[in-house]
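You will see chain A twice below: alongside chain B first, and alongside chain C after that.
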Partner chain A sequence: MLRALSRLSTSGFRSVARTRTGYSAPLASRCYSHGKVETEEEFDSRWVTYFSKPDIDAWELRKGMNTLIGYDLVPEPKILDSALRACRRLNDLASAIRILEAVKDKAGPHKEIYPYVIQELKPTLTELGISTPEELGID
Partner chain B sequence: MLRLTSSRLGSLLAGRPTAALTFSIKGRAASQQSHEVSEALDMSRPMYYDRVDMPLPDKPYKDVLSEAEQKLKQKEKGPWSQLTNEEKVALYRLKFCQSYSEMRAPSAEWKTVLGGVLFFLGFTGLVVWWQRIYVYPPRPRTLEDDWKAMQLQRMLDMRINPVEGLSAKWDYDKGQWK
Partner chain C sequence: MAHQAHAYHMVDPSPWPLTGAVAALLMTSGLAIWMHFHTMTLMSLGLLLLLLTMYQWWRDIIREGTFQGHHTPPVQKGLRYGMILFITSEVFFFLGFFWAFYHSSLAPTPELGGCWPPTGITTLNPFEVPLLNTAVLLASGVTVTWAHHSIMEGQRKQAIQSLTLTILLGFYFTALQAMEYYEAPFTIADGVYGSTFFVATGFHGLHVIIGSTFLAVCLLRQAQYHFTSDHHFGFEAAAWYWHFVDVVWLFLYISIYWWGS
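Our next item is the complex of A and B:
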């Protein structure tokens, strides 16, 4: 966490947002001194793979999202992209909008994270036809 | 089968510590699309909840759909760009009761709580005032000023605490406090 804060003071907006989203302490809550520490890239790709399962079912989507939101981090746009596509495969627009709301809520006081995520997801949102909560007026 | 009556549900929910984890449970009552828990909840089946830390509940908010709603669900299977904003909001409201901002919205409950506290403090004040008039016994004679003066004079005559206390502070020659 401290590393991210020192980077905050010296880096520009984009790199700050990039280091902060998806930043997690080495697999966060597990305090093991032995065992391999998962890198951020491994964490991200694990989750992208999870949501990319072609025949993902609704339960797996719910379980995945609820777990992901339980972590002490804001998920990377690529994980969210994968999750939104999973919603598309499940014909579930409401959950897609809910995911965007959850990301905004997850960012908490760091108001610059959500616009960055939306900006990164813009191509996917237009491709799939997902409106943001702001566009629908439910924010 | 686990059943929970609404009275016990109320006391369960009353103790939630933080606003972020407060949620309203809509179980089978949700299928009747009511916002009140008006009947026994079947806790052994998937329940709906509005929680900021768990975005996707176990079941949709409304699962009994009218004709128009079912048609909308069919339309959802096609490209979403063909849905109007109103239809998208309708789909959202079918699946979820409160949006995140509604969940997070502050309530005015604190005013009620503060008002209630002050009201009962005031009521207590009235009770104490009544007691002072109708319940307290008469004031003891020993607390009158003339009695206290005579008491003090007697203590000085007896040389109470003459080294460091009362009589030590009295100047016997001049008849006044040092």
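Our next item is the complex of A and C:
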């Protein structure tokens, strides 16, 4: 859903009104003319796995985040949860808050996405003691 | 015995390796003295000795090869291996700086804003002077190949013209790059961006100057009839080095100027 919503980059013909319920067709992240197309679920679980590596190092965390943010989509809360937990393992609060800022930026003109993501992540943010940029007054 | 029974070159004793080593010692210790006691004497002495060593050592090689005939085919083969191995070592030298660049730019730290280019850095437009520089070096690769073919075909005047043009293009690159350095909106002290940019492009620029000098020596030698259509390894070595410098620039351009902007 978030992927479909955010892909308004150039053309406006993709419907903004698509909702998650009943929508299960796989979306290609890349528009290849051939080859196996990765489903949204596969994409998400690949990234959750990436950030769940117990001994992930700081470089890998930053590299993963940069690659993820480079895609034309807003990452699912479950991926962000995994990334925030990686920040916790690495004692990197700065990157954790930066991730939230990046999510808001990726949503672009779709101002309803960021509050939704924060709402989904609230339990994790509380558990890990991560403040949002808004709470810190740095937004 | 009066004649050797093999085709190899048993070089006469020479003082230049020793003077070169002494130069290295004086330059390094001179660098330390300069940093602590603010006097450049020792370092300058080392630099002077280095220049004298290079001049005299390579002059001797030219005498041994061009005038004394010691550079038989097996000897030339050894020289080719040597140049290839040297250029390979230079490739590894640059590989290190590319490693540093990619390490820093693929995973930018929070201090930079977690992004590349880092927050606050205004990068150079890759489609302005850097693109011109790319065209200049690629053109110089064409002219140096033209020079090579001219030498092989015994076309003296064309060889001199194309070699001169190659050197002029090299100087043009250096001048353009110097202007870019002067006008750049960031310095070497501007975080890891400045460090990776200026160290990588800086060493490249130094190699352009070295390569241009090597080609200039070849021009002087060509003018003095040192090269024959079959035997001109000094020129080939200079041309290989020049192509290496061009390739390094292409990697710099794609990685730092274009992708990194």
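Definition applied: the second predicted complex is superposed on the first by the 108 of 139 C-alpha atoms of A that agree within 3 Å, B and C clash if a C-alpha of one lies under 4 Å from a C-alpha of the other, contacts with A are read in each partner's own complex, and residues count from 1 in each chain.
Here is the rule we go by: a residue touches a chain if its C-beta (ideal position, glycine included) is under 8 Å from a C-beta of that chain, and two chains touch if they have at least 3 such contacts.
Here the structure is a predicted model, which means the values were calculated and not measured.
Bringing the complexes onto one copy of chain A puts chain B in a clash with chain C. When the two complexes are overlaid on their common chain A, residue A:60 makes contact with chain C while staying clear of chain B. Once the two complexes are overlaid on the shared chain, A:128 sits against chain B while remaining clear of chain C.
Of the two partner chains, neither chain B nor chain C is touched by A:40.
Ranked by how many residues of chain A each touches, chain B and chain C are led by B. In the superposition on chain A, contact is made by A:139 with chain B only, not with chain C. Contacts of A:98 after superposition on the shared chain: both chain B and chain C are touched.
For the superposition on chain A, the stretches of chain B under consideration are 20-28, 110-118, 128-136 or 164-172; the one running into chain C is 20-28.
In the superposition on chain A, the residues of chain A contacting both chain B and chain C are 61-62, 65-66, 92, 94-95, 98, 102.
On chain C, the positions that touch chain A within their shared complex are 103, 106-110, 113-116.
Residues 58-63, 65-66, 92, 94-95, 98, 102 of chain A are the ones that touch chain C when the two sit in their complex. Contacts from chain A toward chain B in the complex involve residues 61-62, 65-66, 69-70, 88, 91-95, 97-99, 101-102, 104-105, 128-131, 133, 135-139. Listed in rising order, the residues of chain B touching chain A in the complex are 52-58, 60, 76-77, 79-83, 85, 88-89, 91-92, 94-96, 99-101, 104.
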